[in-house]
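Take a look at these structures.
Heads up, the next two complexes both have chain A, just with different partners, chain B and then chain C.
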Partner chain A sequence: MSKIIACYKWVADEADIRINPDQSVDITKAKGKISDYDKNAIEAAVEAAGKLGGQAVTLTFGNAGAKPSIKDALSRGPEEAYWVKAAEADQADGAVTARALAAAIQKIGDSSLVICAEGASDTYARQIAPRIGAILNLPVISSVIIMTFEGNSLVATRKLEDSLETVKVELPAVVAVLPEANNPPLPGLKAVMAAGKKPLTEYSAADLGIDFKPRNQVVAVKGYVMNRKNIIFDAGDSVSRVKELAAALRKEGVL
Partner chain B sequence: MSGIYVYSDRLEIAAELIGFAKSGGQAAYALCFSQAEADQLASRGADKVIYLKGDSPLPENYGKALADYLKEQDAELLVVGATARGRDMAARVAGYLDCGMVSDVAALDYSNGQLNTERIIYGGAVVQSETISGFCVVTVAGGKFSPVSGQAEIKTVAVQADPRVTLVETAPITKEGVDLKQAASVVCVGLGLEKEADLKMARDLADVLNAELGCTRGISEERHWLPVEQYIGISGAVIKPQLYISMGVSGQIQHIFGVRDAQFIVAIDSNEKAPIFKFADYGIVGDMYEIIPLLTETLKA
Partner chain C sequence: MSEADKMDVIIIGAGPAGIACAYILAQAGKEVLVIERAETPGAKNVTGGRLYTYALEMVDKGLTEEAVLERKITHEQIMILSQDKAISIDYHDPSFNREGQVPQSYSILRAQFDEWFAAKAEEIGAMVACGVKVDDLIEKDGKIIGVVAGEDEMYADVVIAADGVNSFMAQKAGLIKDISAHQVGVGIKEVIELPPDTIQERFNLKPDEGAARMILGCTEGIHGGGFLYTNRESISLGCVLMPEEAAAHGKSVHEIFQDLKMHPAIYPLIAGGESIEYGAHLVSEEGYRGIPQKIYREGFLMIGDAAGFVINTGYSIRGIDLAIVSGVAAARAVLNTSASDQVGPAYLQELKNIELLPTMQAVDGYADLLAIPRIYSSYPRIAVGVFERLFTVNGQKPNSLIKNTKEVIKSNGVSMWQLFKDVLRGYKSI
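Up next is the complex of A and B:
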């Protein structure tokens, strides 16, 4: 049966990132999560499979730490998971990630649709869907908020800065969805239980013959620091706190 | 023709990108996909305007043709305006040529065949610097460079458009929200607001401050209480008012990205551990349903 492949990335939760006083970045304590918008891609694949027929599956490219993502992704409805497991994922740029995903998509075989989110919540580079399309010579539709199917064609509405653009394509194709495309429900207990029993296929770099050489060289990573006054009015009751605040704003000349 | 090639579906951004390319003393070639764009670009100071002419109205359908053309010309760098179309096209070219690309850069510098960039990652918490040598692609938002002027010759090149994606229809989006980017003061409501009717409390404060009303993403995208143009942050409006006052906003990094350039940040939140207080100049820990009406009254007096 033809597959509808949702790509996702297992990322560090940005809320757990610590910036040290010297502006160095500590992500060692950050929990992993499926990139927020990729949940929309997974939901879009499940919905598309319902309308178009075929089997929704997930695909990720990540190091051994991405293991917990598999069950999480499958609990959202897809029937099978694919994982390109490689330590090199840590240093991957857009070129490498797209090569790895494209190689896996080819290996998976018969697929009618590849769905990505516009961008991942860590890098938000928005390169992957168009790059995959280019590598596999598939048509690409980005910034998608609505998908309908007519026979073997996809009619998609794109949200651009100041217009909605509806386009049509014969499948197979690659799509990048915006978060407005759907509202992914929280997986229920039953779905979580069932996820553990769904099949997972792992690919190694050797299975896919991926060239892991990044094109971009990262030369520095620095925490963003903002210098603010951090004055909290905590003396007295609410009325006096508010008065102090108003007085401070007057003094700053912003009223 | 080796040199810097620039593209944007927005004329103003294209003109700025030509300005960037010229500022380093390189040849600047402005790309476009229609005669109308070519005519407009011709007075924007490029060394040449290159009109890739095919039979599709969708710029994205020229991704492959553009990649082939750039390769044939031995282009040094492709700089693209970071709009929805621009980002898509830029990444396609990078995909066809399997080259490096840096998206939505905050800063860039191109010298001696090397591109140096800075961009924001992790929702605004981290700045990453990258370098690439050899042909590569970079996207950058408008407003970063000054446009130049000067007449350029238009060179028309016949190319094959990808016929697979066809245009069905296009409809303008009517914007309902206000333009927060121009506002001198902004009052921002977050998910701490219990019900839609309570927006009145925020509006009353905004009225005495002569401020515009903004919000966090959830208020517009999930609860639909305010138009999407009014949410602030990395995926919404990036503002630079003199004064930003938040109520019931926890201060997650993606939201804060949008208010970094505010001159003064004031936070009202009931949770003393809310991250917003780290980013605030002034704050009151307390129930906004008590504090905000008091503040409105005090400011009125």
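Up next is the complex of A and C:
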């Protein structure tokens, strides 16, 4: 049966990331989680499988620490999990990650749709869907919020700055969804229990023959402090102060 | 009901009680499901805390060695505070930590410990479902036969409530009512991060050693007390107060805790640290007499805090070890009893065999001792006052110790008759 593959990334939970007074970033105490946006991708795959037919599966590229993600991902509805397990995932740039995922997608075989999130909640580099499309020579549709199917075609609504664009594409294709695409429900008891019994396939670097050498190297991660403008509107009566405030906000492009 | 919807045992709550029970049942080949509300076990916990290792060894020999623990407790301390003064007692006993033996107790951080313990139970074959809230119990012909979680129903021969103090499951089963204020204390705890060297220096510890401290006289006369545990890279500091008295007092629980942190004998211990966690929770306060009349019915058992298994003697607090031991007792009862209506009575018998109920009964009197209001107000002041006179040297002729003591007692508004009655009551209680 044709597969609908949801890609996800196991990231450090931003709630546990600490920025020290010297701006250094401490992620040693951070727990892992499935990138929030990728939960939309997984839900989109499950919904698409329901509409299109086929089997929703998950795919991730991560080191041994990503193990807890498998059960979590499967509890959200997909029927099988695939995991490209490699320590190199830590240093991977967008190209390496896309190569790993694309190689796995080829290995998995018959797939009608690959669904990613627009970006990961840690780096938000927005490279994976386009790069997978390029490697596999598939059409890519980004910023998708609605997916419907007509025969073997996908009709996708893209959310642009201030308009909606509808695109039709023959499958197979790669799609990047926005968080607006759906509301992933919390997995229920039976879904959580079933997740532990669903099949997992692990691929190693040797299985896929991937070039893991990243060309981008992260040389530093520092906290960022936004400098505030500290403007106080204290002259005149309240009506004129509010007017001034509104004018200033408009000038900044906030309003 | 299909085969897939039925387990041997369902345990609600993946704390030490629930996991200990699941571990033993899974080890014996039972199909066990543990349902935990938090995303990860321990995530919702606020316990102090300290683990007495005998309990973990009872689950499986050698388990302590693998456990995610903080520091072995080598220093048992009691501190009495009054205004800006403090008396500290530090009991150091190498026999609690002999070479080649499992140390008597460890400080632990529950988020880490519970996660490790649950993973161990899973390794052995228990199923742990996190992020799932149990909404109701399923009852049939007077017997509890399963649970409802959202839209899902699961069935089991025995459902075990390990869902902590103020157990909703026990309420659903009709075994307890909603708690009243006098049964529980409000516990508040902060975890303060400090470098290991700093902690060792401040508490005079070796790198793997730790201190456990109970603090009296820090509650502005309110029934309650403070506690402090040294972890590897942090200090857990907190206090427990009776909510009714606290409400009548005027100062908020948070403010009283803040005053404790700023006390001149406490502040230097935490100075420069960073608060990495702050939480509050209810604590069972009644000991043996707080255990519900019935802790089981057909198809249903209560373990750990859900059954009120907490001991507070004033010099130590025990809950985690009792939770584990009660989980062991429940598992044994399930394994050794075939008739469904006999599991409950067997559990009660196991609790006696395992010495949990006898232990709680033996220290039951401490509740009477700790009910004396003067323990939290005038007596700490008197103790500190006596020490003050003892250590004051100013070139003047000192009074005799007896005279000093009498004066201090009198100046704190306590009559000798009252003191005599309290001592007698204390003597009878313990």
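We take it that the second predicted complex is superposed on the first by the 224 of 255 C-alpha atoms of A that agree within 3 Å, B and C clash if a C-alpha of one lies under 4 Å from a C-alpha of the other, contacts with A are read in each partner's own complex, and residues count from 1 in each chain.
Operating definition for what follows: contacts are C-beta pairs under 8 Å (C-beta built on N, C-alpha and C of every residue); 3 or more make two chains touch, one makes a residue touch a chain.
Since the structure is predicted, the reported quantities are computational estimates derived from the model, not experimental observations.
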| item | value |
| --- | --- |
| Partner chain(s) touched by A:Thr123 [first = chain B, second = chain C, both, neither] | first |
| Chain B versus chain C, judged by how many residues of chain A each one touches | B |
| Which of chain B and chain C A:Lys31 touches, first, second, both or neither | second |
| Partner chain(s) touched by A:Thr166 [first = chain B, second = chain C, both, neither] | first |
| First (chain B), second (chain C), both or neither touched by A:Ile231 | first |
| Chain B versus chain C as contact partner of A:Val192, first or second or both or neither | second |
| Touching residues (chain side chain A, partner chain C) in the complex | 31, 186-190, 192-193, 196 |
| For the chain B and chain A complex, residues of the former touching the latter | 58, 60, 63-64, 67, 83-85, 87-89, 91-96, 98-104, 116, 120-132, 134, 136, 162, 164-173, 175, 185, 209, 221, 234, 242-243, 252-254, 256, 260, 263-266, 272, 277-286, 290-291, 294-295, 298-299 |
| Interface residues, chain C side, partner chain A - complex | 5, 33, 35, 40, 127, 129-132, 149-152, 154 |
| List of chain A residues in touch with chain B within their complex | 12, 14-15, 17, 19, 25, 93-95, 98-99, 119, 121-135, 139-143, 155, 158-170, 173, 176, 179-180, 214-224, 226, 228-234, 238-239, 241-243, 245-246, 248-249, 252, 254-255 |
